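Just so it is clear, A, B, C and D label the chains in written order, and each chain counts residues from 1 on its own.
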Amino acid sequence: MKIEESKKLQFLEKMIFIRQFEYKIIDFARTGKIYGSVHLCVGEEACAVGTGFAFKKEDYILPTHRGHGQAIARGTDPKKLLAEISAKETGLCKGRVGSMHFFDKENNIVGCQGILGAQFPIAVGVGLAINLRKEDSIAACYFGDGTSNQGLFYEGMNFASIWDLPILFICLNNLYGMGTHYKKTCKIDIYEKAKLFGIKTDTADGNDVEEVYEKTLKLSEYIRKNKKPGLIELYTYRWLGHSALDSRPYRPKEEVEEWIKKDPIKRYEEKLLKEGIPVEEIDAVKASVEKQIEETAKFAEESPFPEFTKDMEI
Amino acid sequence: MTRDLTYAEALREAMREEMEKDKGVFLVGEDVGQGYRGCFAVSTGLYEEFGPYQIIDTPISENTILGCGIGASLVGMKPIVEMMFADFVAVAFDGILNQAAKVRMMSANQYKLNLVIRLPGGSKNGTGPQHSQSLESIFMSIPGIKIACPVTPYDAKGLLKEAINHEDPVIFFEHKKLYSLKGPVPEEEYKIPFGVARIAREGKDLTIIAISYMVNVALEAAEILKEKHNLEIEVIDPRTIVPFDLETVGKSLKKTNKAIIIEEGIKRDGVGAEISSLIMENFFDYLDFPVKRIASKNSIIPMSPRLEKAVIPNKESVVKEIEDLLIL
Amino acid sequence: MKIEESKKLQFLEKMIFIRQFEYKIIDFARTGKIYGSVHLCVGEEACAVGTGFAFKKEDYILPTHRGHGQAIARGTDPKKLLAEISAKETGLCKGRVGSMHFFDKENNIVGCQGILGAQFPIAVGVGLAINLRKEDSIAACYFGDGTSNQGLFYEGMNFASIWDLPILFICLNNLYGMGTHYKKTCKIDIYEKAKLFGIKTDTADGNDVEEVYEKTLKLSEYIRKNKKPGLIELYTYRWLGHSALDSRPYRPKEEVEEWIKKDPIKRYEEKLLKEGIPVEEIDAVKASVEKQIEETAKFAEESPFPEFTKDMEI
Amino acid sequence: MTRDLTYAEALREAMREEMEKDKGVFLVGEDVGQGYRGCFAVSTGLYEEFGPYQIIDTPISENTILGCGIGASLVGMKPIVEMMFADFVAVAFDGILNQAAKVRMMSANQYKLNLVIRLPGGSKNGTGPQHSQSLESIFMSIPGIKIACPVTPYDAKGLLKEAINHEDPVIFFEHKKLYSLKGPVPEEEYKIPFGVARIAREGKDLTIIAISYMVNVALEAAEILKEKHNLEIEVIDPRTIVPFDLETVGKSLKKTNKAIIIEEGIKRDGVGAEISSLIMENFFDYLDFPVKRIASKNSIIPMSPRLEKAVIPNKESVVKEIEDLLIL
């Protein structure tokens, strides 16, 4: 597959943007501007961007509890997202829910999940609706390696399989669920589980944005065309703690360092340079991100806090 | 034109009419379509009429069945989810507590969830502890949902049609003992708005607020007490317990000054606890004595008919409790 | 494996007993002596007997909602069982719960399941306890084909697999869950699901009592010795309706007739005759069963109904 | 000898002592042992002390985690199950409603279920709608279980030790805001029996019954009202809401003739509904006015601190409600 240069630069830009966005959250958190649980995706940007760019406008997205990158790559306005995480009136959900449970109807984001596994049955419902209404969209259902141990994952795959639902299951396998290594929780590779259900599967280096993009696109098109489910497992790593300011040392230092060497952004930048994209263009991207991030932060900071309104009571 | 229909037929007619009007309405659940055709035969015939796009059989996976409803509703359809027995909703409880009920409030009204969850509840024929519960009260303390519990075929149809088009999730309790009972149902289109109680029997001496099948028990008890003691008992069927029509209850109390709540669920923190508190908070000065709650014992619903009778209120026990209360 | 003649006659006796027991329930039901939902296992007797005889006294059993045969083969006193189903004070659980939820502590039956799938997590807990206490027992977890679609089945297998739990999963595959054929609900053979988890599996003709017995015994011994889980899938058929007096015609007549031809009892009787067991001995078995059934029925009928006692309220 | 311990330390000490005494006591849950060492660090260090036979990490599968408790308890162990957040118990709800709670009654006392389910509940730091709920009332209408909600480190330890040895399932609510608070805890062995309330503050003018963290809010409010209006408020902490110590409440009411219930759960059919009904049924004639319920709004627990403050009772709102009530 030939990816245009402009798209490549977009990939790079979005990845850098997502990372800066996450670091901005840490800044915010350190100065008490962030509320609630916040799960950051630094190190996993290629997964977010590679998948997010593979969807069409009409597709439905179910991000995880670690969903900022997934949403931003999808098209969510980062200003509204940061405002949401900062508990502001201008946030996606008026500051009501923060990082872990936002919805973004404009971009067909039907809700992130604070309850691990709850996305699977909902994705089945979305997929069912697509089929009943003969739409051309697909439902993209993100989940983590740890979450794949919920029984709901299997039920979801089963329904998708017997009903031929256009669901793309996207596993972000970052090796850990909180402090627990996947290997301690299950002996089976996640994509193997899907294979059992006759679901078309693929795996990818989750730190290689183009590979993620190409494979996701291919699988999405297969799903769209054949109205059958697919699953892609992306191998990646989160650099930071489980949540924003958490730094419990449950992972070997060497492992973390090893993965930081596989930095999806640095790696992609080097690749683009090698391909002959001028360093100025890359610098321009970086400068642009910096500016956007400042604007995003300013928007969030200057937005007012919400007041309680009657419609919050049902 | 009005005919007599059973409660089950009335529910079926409600679904049929809405499915005809709107292809976005569908029924999903275990054995609702082909094969068994509805455990209590509520959906019998609908598969033949509407086919697999609107009558959807599923594997035995309550969680994902509920998810079919939540997901499809999120993208604009109007699903009706059937749990085969109300008790099984426990398997899918997260979907109600943490998902369905919260979607509108969490999304700040971006998404509304037009979703009906039909729950055949209550005790019938000794189906025992895991197939007989009246779980209304467990759902009452969940913000974001409505709870309907129709008693007559007329209400069953009217409330279900309202529920199917309602923009928040509706927990729709059907009582298994009611399915075969008949009552008049007009052919003409109608819906019953939520939060409007029905006076099932008028009276001036005592107000009974009864939930679900207990309305019928209350009516029987009222008849007996009329004959025995010439008591005029007013029986109120709230029809929906969320929202609850406190106004109608208040009017009645101003007349009778005495209130009893009867439910098949257990007493501790039951539906009666909320209604009793509401009444006392709002009509304290009208009450001759504290609101009385009659409910099931704090036990399992036993299979044995004799034990069941000891656990669940019935007309004799209700008569006796009222006689004791009024020292008749 | 060589099975002694006396044991063979026991197999036959127990199978006939279970069948007569179930038919006696129909009698009772027709005359209004039975309460609650009752699920009968006529046609599936070889599964119950073949597995039940393979356990040791110290093993723990979790029968299904269709569990009379499973319990009787295990050793449950049929008098107490029929009394339970007839809502009598002398029943296993004092008439409180009937056919679907009985417990029998004397025989380590830790409860039948009215909630399909709920047996799996409980079996995990039992298996865990066995390991923590270094017992030699195993936990036998029965379930139906339809029930295998609950997510809990997968969770249970996963825990059993990662923790090496001594659980024997026993699937009674009678092709249907109520009115729905298994093929409509899942594309995967049930034993294949277990294989994925690295669980040792076997399948057997569920209408051949010796095959069921031998394979269950072998797998149980494997589990006991290696402290690892196993799963056996038994192919069988229920002759009657889903519940006692139900006769909805959701299954093709020919299919039912086909399976009645495979009658596990008739077949076994013929086999024993062919092996040279005298017809008199078989007749003696039948006569003995008849007598036991009459005694069982009499006990249940003559027992008193229970009264509500304070200990029923917690 | 008495030291000051945090609530989390007190819980840990209770588990440690019981685990030492009895190898049948074990803790099972997500990240309770190695790795994360307890989401709220309650079990930190116990893995190192007791190893993988008593401190058991699991996959993310709440249903089966609860099953570990039910199954092991059925065969005679004394498991402690931790749900990482109380809200996740919804995922495993069937195990409580239809299994654990019913085992003893269904089996006619053949089996008893010695099982503790630890639920870190309540709102702290804006963890939002799916991680902040106070779900006490949902469990209150389930027969067969006990519900503890300790407030002080002393009670946390004493009630947990009691719960670990209790022969029915105990839903053990811990409030996230309490974990870091300190209080005196004796080194000597003690347990706190269920159903015995604690008078957290004595007074004669008004009785407040407060649940979980709201006890602290009530104490703060009482202090303010003492200063502002010289009001002497009695604050009662029931410690267990099932069983509920109605006697202590009654004694207080005979003195104050006024009752308020404060809880963090939502008002509709909340814990307050049951307590209010009980009070009115039993002490109607002592009441100057109806029992007042102060509780969270019928909403999600929002993440935004300002919204959260509007939803959940706090000392200012409680003071204001009491001032309004007494027309001060």
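Everything below uses one rule, namely that a residue touches a chain if its C-beta (ideal position, glycine included) is under 8 Å from a C-beta of that chain, and two chains touch if they have at least 3 such contacts.
Bear in mind the structure is a predicted one, so any value in this text is a computation, not a measurement.
For the pair chain A and chain B, chains touching both partners: C, D.
Seen from the Cα centre of chain D, the chain whose own Cα centre is farthest off is C. Each chain gets a centre from the mean of its Cα atoms; for chain B and chain D, those two points are 31 Å apart. Distance from the chain A centre to the chain D centre is 36 Å, each centre being the mean of its Cα atoms.
The distance from the centre of chain A to the centre of chain C, with each centre set as the mean of the Cα atoms, comes to 47 Å. The set of chain B residues touching two or more other chains comprises 58-59, 61, 63-64, 87-88, 90-91, 94, 98, 102, 105-106, 129-130, 143-144, 298-300. Each of residues 96-97, 101, 114-115, 149-152, 155, 158, 162, 184-186, 312-314 in chain A touches at least two other chains. For chain B in complex with chain A, the residues that touch the partner chain are 23-24, 26, 28, 53, 56, 58-59, 61, 63-77, 79, 94-95, 98-99, 102-111, 143-145, 168. Those residues of chain A that touch chain C in the complex are listed here as 149-155, 158, 161-162, 184-188, 192-193, 196-198. Residues 30-31, 34-37, 39, 57-61, 63-64, 87-88, 90-91, 125-131, 297-300, 302-307, 310-311 of chain B are the ones touching chain C in the complex. By the touch criterion stated above, chain C contacts chain D in their complex at residues 60, 92-94, 96-97, 101, 103-105, 110-111, 114-115, 118, 120-130, 132-133, 139, 151-152, 155-156, 158-159, 162, 311-314.
If you check the complex, the residues on chain D that touch chain B are 87-88, 90-91, 93-94, 97-98, 102, 105-106, 129-130, 137-138, 140-144, 242, 265-266, 268-274, 276-277, 280-281, 284, 289-293, 298-300.
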